[in-house]
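The two complexes that follow have chain A in common; it is paired with chain B in the first and with chain C in the second.
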Partner chain A sequence: MLPDFASVIPESKEDALAYLSSLKSAKIFAGGTDLLVKMRRGESYSHIVDITGIHDLKVISDHDEMINIGALSTHYEISVNQIISEKALSLAQACGWVGSPAIRNMGTIGGNLVNASPAADSLAPLLIHDADVVLESKDGTRRMRLEDFILAPYKTDIQPHEILTFITIKGLPGYREGYKRVTKRAAWAISRLSIAWAIQEKGGFYKDVKLAIGSCTPMPFRPRKVEDSLKDRAKDEKTIQVAVGEIIDEIIKVSGMRPSFVYKIPVVKALLEDILKG
Partner chain B sequence: MVGSNRKRIDVIDKVLGKPVFAGDMKADRLLFAVVYRSPRPHAWIKSIDVSGALAQPGIVKVITGEDIPGKKRFGVIKKDQPCLAEGRVRYVGEPILLIVGETENAARKAMSSVKIHFEDIEAIRDPFTAEKSGTLIHEDGNLLGHRKVIKGNVERGFAESDVIVEHTYSTTWLDHGFMETEAGVGYLDDAGRIVVVSSTQNIHYKMKEISRVLGISEDMVRVIQSTTGGGFGGKLDVTVELFLALAVYYTKRPVMMRFTREESFVSNTKRHPLYIEYKTGAKKDGSIQAVKVTIIGDTGPYISYGETVCLRVAVHSTGPYEVPNVHADSRMFYTNNPVCGAMRGFGVPQLAFAHESQMDAVARILNMDPLDIRLKNGLRKGSSTATSQILHDSVGFIDTLKKIEPFWRERKKSSHTSGFGIGCMFYGCGNTAISNPAKCHLRLTEDGKIALHSGVCEIGQGSDTILWQILLETLKIDEKNVVLVRGDTDTSSDVGSTSASRQTYISGKAVYEAARKLNRYLDEKGYYRGRSLGDICEEAMTENNVIFDGYFDPPTTQLDKETSEGAPYATYAFATHMTEVEVDDKTGVCLVKRVHAAHDVGRAVNPRLVKGQVYGGVAMGIGLALMEEFIPGKSESLDNYYMPTSMDMPEIEVFIVEDEEPTGPFGAKGVGEPALIPQAASIINGIQDAVGVKPSQLPCHIERLKKLIEDKKSERRQEP
Partner chain C sequence: MKKIDFTLNGKQTILDVEDNETLLHALREKLDIKSVKEGCSIGECGACTVLIDNEPHYSCLTLASKVSGHDVKTVEFLGDENLLHPLQEAFITYGAVQCGYCTPGMLLAAYSLLLKNEHPTDTDIKEAISGNLCRCTGYIQIVEAIRNAAGLCKCNS
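Let's look at the complex of A and B:
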């Protein structure tokens, strides 16, 4: 049973922003796959602004290296989008694993980011693509790095009158890229662990390595120091062993030794070794 | 008809969404009732203040244990469970109050206004503590039951063995996870009788409990089964029925109840967690000489089916093998954990995990093929079971092994971490060593038809279709002449519960017996020589001879109190599953790739329905083996209790063995629980074949499996 609420369904971004600026406690409905669950558990909002009808926010486009993803793109739409598949394969794969078909058809990437679950599948791929988020309100537009936008699990920097309208990412065409997740069942599962990667190699040397490891740290972890140190290093067993060891040390430094690490650390180690070996 | 893949008689309506589930029912002035449940595992109730709840808008009545007009306790085996708490709660989720409101929202909202003062008592969280603790959950102690199966001399058997294998195994709580949560509607009929329509596996039992608790005669109570979305044992105990009856009794208005998934999780009975110590002795040639099994179970604070499980696991502890010397010791303890009850297999799936792991362990030491050791020891005609019952008929176990044999001999690993496992089982159809009859009747109707009056609860497994096929086959009549009148205590006799894989075998036989009588009558009256059924019905009316009843109670014997010697079941089902798994040794993920399942069902009345049961059993077996784990206090809903989805399903090929059971209808016995029982065992044995580790705890989820793999690696490193 849902609590009572009033709702509006604006057709344009401008209308939506106007509603948001005039309503006191309004909640944005951007697919509802998290919001409805919370409301059934008893969270109540006097006003719901359903923005899923705003067509402009569903567009995915690219200019040179940059890809602009409308925040209302569903997980399904991203998973089959040609631009994303060519230039950000890990994101297409991750969105294809989210929840169940019903959730992928309803849930949107913007909603996913504002919900800010640390286990959200889209986070790790977005991080390796250096994602920015665009936040708009009646008073203006601001842009910030995704890493800065998410303050803590389930907590972001979004302000009451703002809508997350776009996500911009840097395409990585020509990279060896992918997303792997570990779950307790084959589908419709929260990731126990996830890794997104994009790697550029040449003649047995690493040229550029981007990694993001999900569900070990409060936010998916990008081991930038190790990524930098791998630049121009020979791709051999020893390099990989050292790099993986350093990444694991860094994860433990960030999170402390969690009970779940008995499982996670050996798995991350094995998966990273495979990924770096290619 | 029998042996054909007749379309289920309910399938078109179900596909069209026509059947009405209890939660969809409507009535004028319908009230809604909710249960206020204990948040504490073990506590005295010092005071209850419902004034706040009563003051809430739309609250009609709050019912406490003191308001119960008749007997205050219920229970399917013994009447030990308070309908509403009597000054003390013994598990999280124990009902304390019933709140009846004008709407569901009003009733649920009023829950937060109830004030109860508890005084905690030490909570007993496992059976080992229960055994030793001075805290008693019930006055007569924390031991619910103790059953033994003794055959031969187990110590001599071990002395004569060349190898002895000893391991311990443990399993945990599982939820049934039926699609439709518990629901029902109650109302007063024109005659002022209490009517309860609910999602249930046993209407007559519920009718009797309502009559006891309200203190009214049974003919003042009517229970009707609503379309039921799965049961698996979880709708055998009383769920909503007594509450609905109480609410109707006090308000005289129609009342609905419909559990949320969270309520279902916290309140429904669970599969029993068992700790199993298992010792097997064998000769070099692989012949099993002795089996000693010690089983300790956690039954929660009330009996439910705890005694049934306690005995059934002891009786089935050897698995489908002839063992000359057996000592099985099974004890079930009360705890302050969830009430454990019936769940598909009554403990035998847990035991199958143990005895099948043992068979593989013995085979490994003797360097024998897992299939060969089972062929050598398997029950066959003339074999003596652990209770010294000699099996004379319908013992198709070896045939199930032989069906699997070609696939087993030709198996090939597809990678270095893939593997194959065998799991086998036998399972007594019907209740254990007690009378459990079914009664039905056929009626010649005014409009010239034959009505089958059946009290069998169709819970999705297909029993209506099976009875239909048995009836048509016996009568040799076109189905347009037959109508089914079902699931209503006013129109049917008691058939016992839809449980223990007993409806095809026992109720099917009752239908067969009734149909035989009618068949003779129709023959006498010339039906098979061309006389019309309408004519015969008319004549029958004038003769006042329109009812033809059927009855069957499978022949069993009582068991010896000390040794359990005897014939607890009239017949047994047998099965062998072979499962191919692929383990990812980096992540601990185990994929179930392919299952070959062979079942001796006596006679497949409807082979497609037999296969459907096996597909569902395999799905449930994957859950039992790899992921399902109810953690009290943590598992709140399907959000954090993982059951397999279609994406976890393997390819399944089903082979039907038909070693006919002479007492069954057309030779049929049961398959409902057998479909599940060997599956987890075959997965676990497949894991061992794949990565060389021996899981001893279910579920063997990704983290447990990864740990076993890591432990094995470090053992190897430590070896010089």
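Let's look at the complex of A and C:
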């Protein structure tokens, strides 16, 4: 059995925010795929605010190049959404790999970010799309970069009375884009290593390169210095070798030499070479 | 305590559930649907799979209070001992059942697939049952059963 709690099931964001501001030790319940597991292991809360009835937070829409993703969108919904597939393919692909079909039907992207597992598949794609999160409470709304929102593995900047309501990302139509991951088995697995990329090229030159590497450093990261240095560079073997070498150096600088790097570093190197060659 | 009003296997069902009660518990202990199994209790094994609005969900990680207004199906929806569903027939024919613990969830995952895709490839089938673990069969017979049932049933009629 789960620990005792009382739940409320608000149908509007305003009601949910009002409950959160008045209740002590209230926990937001979205898909439940992480929260109920933690509760079975002994975490307890006096009150649960089940926000899954709030339809406004399930909508995915776009305006010019900005895409607004309701935090209650499930991994499945994102994986088959047309806007996401056209303008943020790596995110659609990554969400299509999360857990199992049932987990993808249950788990939400907002919950995934608030849980902040460093191995979350959605993180690397969101980083290359310069994701912002929108946090709302009864006192107001604030917006911050996803990179600033996640403070450390399993730790975010969300405050007790806030709901993560939306994620906004910049669409990259026309980019060569994708997501690759390395796992211990083909399906129903946690990523040991992941890379999201979006690359724009013209006439044998890189115009814009965005890369994010997951599960090599404490949090997925973008090698921005290397991305900048690739701008207007000829797409040739030497450029690729230099860029990949610099990214690997950066990974080792951030993480130190980890035992797993005997395996991971050659794999990241090969994946990055393939991705940059396209 | 919450009063929930939902469709269970085609029938309107009204039930009082505790705030902290899982759908798995409500189905087994209050509605006597013992086909929904408790395996790992943490959303990894798939023995507790039910369909909510025809999509697989783990009932061990679903609060019963969440299904109000939704359609819930368990394996009882597919058929009974007098008239088995073609998927159930195929599971028998192809030896896809050994201990039987995963079978209800496996059948529901397969049924959900066939609703969306009448002619799945083996890859589609493997993907659809990837969240349902079977420690007896090695999956080969299960994939064969689903592949062979696919041509025989009009799941969405």
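Heads up, the rule we're going with is that the second predicted complex is superposed on the first by the 278 of 278 C-alpha atoms of A that agree within 3 Å, B and C clash if a C-alpha of one lies under 4 Å from a C-alpha of the other, contacts with A are read in each partner's own complex, and residues count from 1 in each chain.
Note that in this section contacts are C-beta pairs under 8 Å (C-beta built on N, C-alpha and C of every residue); 3 or more make two chains touch, one makes a residue touch a chain.
Note that the structure is predicted; figures quoted are calculated from it, not measured.
After overlaying the two complexes on the shared chain, residue contacts for A:Ile103 are found with chain C alone; chain B is out of touch.
A count of residues in chain A touched by chain B and by chain C gives the higher number to C.
Within the superposed three-chain model, A:Leu151 lies out of touch with both chain B and chain C [touch as defined at top]. In the superposition on chain A, A:Val59 contacts neither chain B nor chain C.
In the superposed model, A:Val254 lies in contact with neither chain B nor chain C. In the superposition on chain A, A:Ala187 contacts both chain B and chain C. Contacts of A:Val267 after superposition on the shared chain: chain B is touched, whereas chain C is not. In the superposition on chain A, the residues of chain A contacted by chain B and by chain C overlap at 1, 100, 187-188.
In the complex of the two chains, the chain B residues touching chain A come out as 104-105, 108, 586-589, 591, 626-627, 642-645, 647-648, 701-703, 706-707, 710. Chain C meets chain A in the complex at residues 2, 19-22, 25, 41-44, 46, 49, 52, 55-58, 60-63, 65-66, 109, 112, 126-128, 130-132. For chain A in complex with chain C, the residues that touch the partner chain are 1-7, 9, 29, 32-33, 36-37, 40, 48, 50, 52, 76, 99-103, 105-106, 187-188. Interface residues of chain A facing chain B in the complex, by the touch rule stated above, are 1, 100, 182-189, 192-193, 262-263, 266-267, 270-271, 274.
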